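Next, two complexes with chain A in common: one pairs it with chain B, the other with chain C.
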Partner chain A sequence: MDINLFIVQFFNALFFASILFLISSGLSLIYGIMKILNLAHGALYMLGAYVTFTVAILWLGMSWYSMLLAYLASILVVAGLGIFIERVLLKPLYNKPQDLQLLLTFALIFILDDIVKMIWGAQYRAFPKIPGWSIPVGDYQIPIYFILTVFIAIGVGLFLHWFFTRTTYGKMVRAISYSLETSSILGINTDRLFALSFALGAGLAGLAGGVAVPLYTASPGMGGDAIVLSFAVIVIGGMGSILGAFVGSLIVGFSRVFMAILFPVFEIALIYVIMAVILMFRPTGLFGMEMRERR
Partner chain B sequence: MKILRDNELYSLVVLLMFLAVIPQFLSTYNVRLLSVGLLYGLAAVGFNILYGYTGLISFGHAMFWSAGAYGLAIGLVKLNLDPVLSILLAFTLTFIIAVVTGYLSLKHTEIYFAMLTLAFAQLIYALIIKLRDITGGDEGIYGIPRFPPDIEQYYYLVYMIVALLVLLAWWIVRTPLGLGFQAVRDNPYRAEALGMDVRRVRLISFVLSAFYLSVAGILYAPLNRAITPDIAFWTFSAIIVIMTIIGGSKNMFGAFIGGLIFIYINTQAMNLTEFWQLTLGIILALLVYLAPYGVVGIFDRVVEYVRGRR
Partner chain C sequence: MTEVSESRRDWVKLAGAGVAGLAVGYGLGFLTAPERVVEKEVEVPTEGLPGIPDEPLKIGYIYFMTGTLGTYGTNAAAAIELAVEEINNNGGILGRKIELTSKDEADRERVLDNISKMVQDEGAEIVVGLDSSGDALKVIPLVEEELQIPFIVTHAATPKLTECAKRKYIFRISMYEEPIDIMAAQLVKELYEGEVSVVANIGPDYAYGYDSWAIFSGKLKELMPDLEFLEPIYTPLFTTDYGTYIDQIKGSGADLLFSSLWGGDAATFFKQAVAKGLFDSVKVYMNAMLGATDTLEAIGNDNVPTGVDVWGSGRYWFLYPPHDVYPLNKAFVENFRRKTGSYPPYVAATSYTAIYAVKKAIETAYVMKGSWPEVDDIVSALEGLTVPGPMGPVYIRPEDHQGLYDVFWGRLKKGSPTYPMPILDDLVIYPPGKVFPEPLTTMVSC
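Right, the complex of A and B next:
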């Protein structure tokens, strides 16, 4: 392979992995703490993409400043929706069979897909161009936006690490994920922390959508692919582990991008082969803990 | 006789009699939809062997529906085989996939099992998309011949097979094998201590359940005349789970009616409004709160209420 193409694809894979990390860290976080498999996580990602598109393109016109505002808007809107979903829709289901949570989050996919269609129409919404300039590499271009995205993903990773190891809230959230019962006996307000965790996870999905939309066009149903790849990521890395989501994203991102060039037949297939092999031999993933049923 | 006091069997027979008569009063379009409903019901019943009766949640059952549908379509359209050989091809394909994925997935239970089945199903999906020469890729396979071509006659063919298999499922879960499934579901450790090979029982349940899905897929391909990779995507696996839950996984009647209800709601939502997904989603969400044990749960409550009054 031409070395320039290799470099471009390397950054391409890094970009894809960064997006995956932003989506799947939220998914993993929600699963790790609340033991809820949020099937609507992809739909939240889609919503984030539309919000950023609206703010940055339709309202403000593209600039770095408006991109930043658009990201903030995406995070706030989707996190707000997350709080609504957790407080109003999921809370009554905590003492019911777990299948019902699954059914509810699946119903949310249908609902959110159509709400997006109502507001933005069914057509695809694409950025006119990728924000920022590009670095030429031979005949190819690497958008500076790719590199910024990688920094955003790393920044978020470090923030989450700091949050979970250094802040009181973060420590309480981790305590909950070990044992809900003991934590509430010790006086932790588990109710409020559930809302916080879900909002944080949803906000990350919103940010992921915002960051992805300049490259990956916003369309209803774009969440369907994203969510299943995120499942692969968190299973490979280990459910509930941020480091796992990081490494898992890199594995999935790179295997997809490079397989697409080398052996297109296995572009997507390889990801699921890795996922299955990991599950069979190390079900807790590369960095995961033993999973427990919630009590 | 005990069998005469089985509410579930009564409900099934009444429902099946209703389904035998109703096409006489429906348009061709609706008979077609009802055929799809029967197949969804059959799929839910098959899924429920594994889910409701063996206690394992698979997130990849779309792969067996697809194995049936694609096996038949490839045989009929791509290889020009006669129908019997095509059906045989579909079954062989299903059997191989079911035994291999079942054997490997059943290393685990619960969420890990669900994720493994999801991984295998997505692997099959990825292969269907990429192996264009065999599967038609994104576009799928068109021009699948239907026999008998008349939609009402085809409905009765579907009906007979579905009725037979649904009643068979009702019977199977009452045989020693079916009781074995339930023993494994309720307490795998005790079942093991009693000398059962738990993993083998689960595998039998898995393959049996895959067979049901495959039959549904085999009947679906000619009904629709065309198949696309959508039927292998994870959302379809999720729909199989969802319709079983909305009907009620407690028994086979619940699962069967779940499939029919899902198609009914879906169709009504599509006819009513452009935003059918929103309508469907809201109805599904409402069912979560109003009927947490599925539609059979409501039936049970009504029956209890009536008996309580007497």
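Right, the complex of A and C next:
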């Protein structure tokens, strides 16, 4: 492989990992704090894609400025919906068997798919063009938007790190994820933090959809396909760990891209082989153990 | 490439003239066909014909109605409803109204059960549909041995459905993949001999992708044995990031790229390929499924690259046969747009035609019998039937129950300002006799 091809492929892997991280960080966060496996996370990602498409293309017309507003709109709309889902739908189920939460989030996939169909129709929705120009690397090209995606993912990672280690809210959220009972005895308003956490996770899904949609083709049901690899990511990285989501995304991203080149038959299979091996030797994932010990 | 472009243009012009000629012929032949306009209410006697049951005729359909493939079912359902509205507004089939019942093919575990349910519990006398080739093959024993009712497949494209054995109750009205891929190889030979040398493939990672490449490359090797064929690339369904494959193809030195990617995947791949400059090195791109309006809408007018010949095909193209000479297609496109707001994709045209095939078969069988036909009478009438559809007349070959109609490949052009999406232009049309294999033969292994 010539060096230029190696560079662009390395970058392809990094880009793919970035998208995975944007999706899986929210999923992992909600699970880590609330112990809710939100099966509808992919549907929230889809909604983010549609909101960004609507604001940036249908309302404002494509520009970097409108993209930025569209991202913000996606985060707010989907986070707002997250608060509604948590307060109205999930809260009554907290003291019931966990199957009911799973069932509810599963049902939400279909409900949100249908809502998208009602609002935007069943046809494909896509950006007229991938925004920005491309940077040449020898004979190859890297679209600037791919690079932007990587920076957004890194930015989100840094933001989450700052939020959980430096802000009072973040510290309280971590406290309830270690022990809900102790935290509420200490006077932390767990209700409000649950809503905040779910909103944050949902907002991340919204942003992921918004960042992804200019490159992809949006259609109802797109969330289902996005979510499967994200589950692999958080199982590998450790459910509930943002660092785990980060490392898991890199592992999945790089293994996929380099298997596609070297041994295409195992392109997808390898990801699940890695997942199975990690589950065998470290059932909580690479970075999941820490949390369990402290709980 | 440029030196021969003049002669190529002439050739395309010639082909275009041929198309126009054929189309005029069709147009004249079908000018007398009943006009299908939804609003038109015609008083048809609903009583009087002897031997017609009072209760409506129930037709079942099954497509992917939800999930990523839900657009297929939604479009097919809209077209079926359109056909049924037209027929019912004109008095039904021999005075008998049609009623619909439907199931979701996305309910993966219960495809067979749901088909049985429509027939046995809900009283469907005829079933149309199926997007997935896998499902179509699974359905064969159920329909042939147990249900024994006419089953018209309108989308699933594996040759194995009709060409591996003669079915009794199963028909397929839609074009299958083999004639499209064979024509692609013939077109490469006719237009690009001496201009391309290295051939690559990117297709979906399941039977359809493998079969398409086997047919196209098999035929092309036969026609142009000196070409170099690269190891084909297959990508998982609903891949969102094609960057890796695009750079791989670019690095391989391929100048002809064949693809059987479809739907949103075809659009996502194409847009990323444009952004990553794939068409600086690939000179001819042929996608067997690009001629789908929904895919083209997702690609958009701004993504039509220059300096590369992009060819697309499919099972129906909404501008062929041309509207000015073939009013049935014009009416269908207009009515479908009125109903859904979109230009009809192929699955709409084939499902619409299936309903009219049922109508025509029942009417034909009734003439012979003098009373409402039994299942076997309808099956016999479907064999050898020619039904005018939006894609032109469709002939149902009796030997294999496969619908035959013109095969097209067209060159991608900007559709603006007339159309919101790129369109296929410079259409090259081959009549079925030139590209359909003999009945019950196929290049894929049965």
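Here is the rule we use: the second predicted complex is superposed on the first by the 288 of 295 C-alpha atoms of A that agree within 3 Å, B and C clash if a C-alpha of one lies under 4 Å from a C-alpha of the other, contacts with A are read in each partner's own complex, and residues count from 1 in each chain.
Here is the rule we use: a contact is a pair of C-beta atoms (placed from the backbone, for glycine too) under 8 Å apart; a residue touches a chain by one contact, two chains touch by 3 or more.
Fair warning: this is a prediction, and the values are worked out from it, not measured in the lab.
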Will chain C clash with chain B on chain A after the two structures are superposed, or do they fit? clash
Under the stated touch criterion, which partner chain does A:264 make contact with: chain B (first), chain C (second), both, or neither? both
Under the stated touch criterion, which partner chain does A:125 make contact with: chain B (first), chain C (second), both, or neither? second
Please indicate which partner A:231 is in contact with in the superposed arrangement: first for chain B, second for chain C, both, or neither. first
Mind working out whether A:140 is in touch with chain B, chain C, both or neither, as first, second, both or neither? second
Kindly classify A:110 by the partners it touches after superposition: chain B alone (first), chain C alone (second), both, or neither? both
Regarding the shared-chain residue A:92, is it in contact with chain B (first), chain C (second), both, or neither? first
Check whether A:216 is in contact with chain B, with chain C, with both or with neither, and answer first, second, both or neither. second
Looking at chain C, which part out of 7-15, 115-123, 223-231 or 367-375 clashes with chain B after superposition? 115-123
Is there a shared patch on chain A that both chain B and chain C touch, and which residues make it up? 110, 113-114, 117, 224, 264, 267-268
Which of the residues in chain B come into contact with chain A in the complex? 57, 104, 107-108, 110-112, 115-116, 118-120, 122-123, 125-127, 129-131, 233-235, 238, 241-242, 245-246, 249, 275-278, 280-282, 284-285, 287-289, 292
In their shared complex, chain B is touched by residues of chain A numbered 37, 39, 89, 92-93, 96-97, 99-100, 102-104, 106-111, 113-115, 117-118, 224, 228, 231-232, 235, 264-269, 271-273, 275-276, 279-280, 283, 291, 293
Okay, in this complex, where on chain C does chain A touch? 66-71, 74-75, 233-234, 236-238, 240-241, 243-245, 247-248, 250-251, 263-265, 267-268, 271-272, 274-277, 280-281, 294-295, 297-303, 341-342
With touch defined as at the start, can you tell me which chain A residues reach chain C in the complex? 1-2, 5, 8-9, 11-13, 15-16, 19, 110, 113-114, 117, 121-130, 134, 136, 139-143, 145-146, 212, 215-217, 219-222, 224-226, 256-257, 260-261, 264, 267-268
